[in-house]
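Read through the structure below, which is laid out as structure tokens, and then see the notes.
Chains here go by letter, A, B, C and D, matching the order in which they are written, and residues are numbered from 1 within each.
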Amino acid sequence: MAREDFKFFHDFRVRYSEIDGQGVVFNAHYLTYFDVAITEYFRDLNFDYSQYPEKTGADFHLVKSLVNYERPLLFDTEFQVGCRTQKIGNSSIVFVLEIFDKDQSERYASGEIIWVNTNQTTHKTERVGDEIRDLLVGFEGTGIIQ
Amino acid sequence: MAREDFKFFHDFRVRYSEIDGQGVVFNAHYLTYFDVAITEYFRDLNFDYSQYPEKTGADFHLVKSLVNYERPLLFDTEFQVGCRTQKIGNSSIVFVLEIFDKDQSERYASGEIIWVNTNQTTHKTERVGDEIRDLLVGFEGTGIIQ
Amino acid sequence: MAREDFKFFHDFRVRYSEIDGQGVVFNAHYLTYFDVAITEYFRDLNFDYSQYPEKTGADFHLVKSLVNYERPLLFDTEFQVGCRTQKIGNSSIVFVLEIFDKDQSERYASGEIIWVNTNQTTHKTERVGDEIRDLLVGFEGTGIIQ
Amino acid sequence: MAREDFKFFHDFRVRYSEIDGQGVVFNAHYLTYFDVAITEYFRDLNFDYSQYPEKTGADFHLVKSLVNYERPLLFDTEFQVGCRTQKIGNSSIVFVLEIFDKDQSERYASGEIIWVNTNQTTHKTERVGDEIRDLLVGFEGTGIIQ
């Protein structure tokens, strides 16, 4: 992956509350950045996630998170998180996220988040609905269909 | 207030994720410690808070927090949070919280949390129910009734 | 205080990681918002806080936080935090902070943060330096001098 | 991996501040639990991590985190995090962590944390020192040497 592979970025600045005793962002906060980036990615696509459970009877659960920490992120640093959908399987969506500096010339971290679509009544996995499927394919291209 | 004024303490140890770039606990986390201490205080009193909204149609909302930071809390420090009910008003409960070292010989911080009992339907404040009132007076004494 | 009393506001949006089981922002995170707002307030004044300890041999310690929670802040809400210096004493600075909705027509919370200037060698309180004093008086007016 | 594979567990209880709007622990906090568990694992081994940078001129950096979320963790749940060293390479240590319920009969999550030993002057990776190597091999067995 390189920055050219992302069509969506969200801007952040490191908060003082996020750095630890070594003066760098504590590892857990990268997942919060990823979470915000995915929220903003769907906002950018005009997808109203809040309606999803009611409309479909299903909801997404996060089943996997992966972060590769490449360079330390320091207090007050402005950075961008790139988010893209890498794959849509039958019931899962795989997001790839990467953290770049403001000018996107250096990468701080990369990672992956996997969601599984789960029926709220049966608690079983369920095919990802067509609305979100079409939206993601429309934005990222047909290459993401697994 | 001194440590003798507390009948309840809960033990903690500072997590690495809680310290900031100055190597001391970031100010916001004191409120998390207070929150955990109040939860454990009610557990100690055998009060099942999770049943309260259903039983009474009301719930408590936190309306005020106050922290006086006296000494820095460092990574890995073992400490105790003392919790007591200072006052029960008609619809409010005032908790006093203090953070001591493990041996209770030094104080790191003191503070106050105020809860207001709110009817979940009308969203108006409502008299604190008798069950919790009796429990707190039984533990702390009649001096807490305002 | 009203929104007219603030010359500085910083924009936020509630992160999913900040809400709790009641679907509202957990109380401790308000202090993180206040902390970010004060950082941005000094950035707006072109004050380079990171140089302060080296230049003066002193540093500020947060000695008091106060939050009054007025209305619940929900997930995804856009809000603004107003920050102003209310008073400069000999060694202390009192900040007043208020949280408004995006249009500044409703207030969610108000609070206060007090910093004390402390000599890094003697660990004693010390007069707030002239550079920061002049900057704050220049921005807020002479009324803040205590 | 199964619970029998762990010689070390650390006890936790879910804090209210850690759950999100779905009433379950927010995904990022699992990394905080892992971090605390590794700290306690080294304490159990009587390894004084705080001395490591000074003694060796090197320090460990977290380069990878992985979490598989299997069952939701609810507010107030008592749980245990098992920690073991899976491998020591030349400059890296791989920890495996799993989250079980209090009775260790159900698993909530599993994951991996990788540390790399880095020279603090050259910022290059460096062989993990013998003291920590011997300690981990003594506890986990020679099978962890890669």
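Note that a contact is a pair of C-beta atoms (placed from the backbone, for glycine too) under 8 Å apart; a residue touches a chain by one contact, two chains touch by 3 or more.
This one's a predicted model, so the numbers in the text were calculated from it and none came from an experiment.
**Q** In terms of CA centroid distance, which chain is the most far removed from chain B?
**A** A
**Q** Can you report the angle of the rotation that maps chain C onto chain D, using C-alpha atoms only, to the nearest 5 degrees?
**A** In short, 180 degrees.
**Q** Return the distance between the CA-based centres of chain A and chain B, expressed in whole Å.
**A** Here chain A and chain B have centroids separated by 36 Å.
**Q** Taking each chain's centre as the mean position of its Cα atoms, how many Å separate chain A from chain D?
**A** Distance between chain centres: 24 Å.
**Q** Express in whole angstrom the distance between the two chain centres, defined as the mean CA positions of chain A and chain C.
**A** 31
**Q** Hunt down the residues of chain D that sit against at least two other chains at once, touch-wise.
**A** Expected reply: 16-17, 26, 28, 32, 35.
**Q** Using the touch rule from the top, collect the residues of chain D that touch chain A in their complex.
**A** Residues 22, 26-32, 35, 59, 61-70, 72.
**Q** If we count contacts the way the header does, which residues on chain A are in touch with chain C in the complex?
**A** Interface residues on the chain A side: 15-17, 32, 35-36, 39, 50, 76.
**Q** In the complex, go through chain A and note every residue touching chain B.
**A** For this pair, the touching residues of chain A are 16-17, 19-21, 23, 26, 28, 75.
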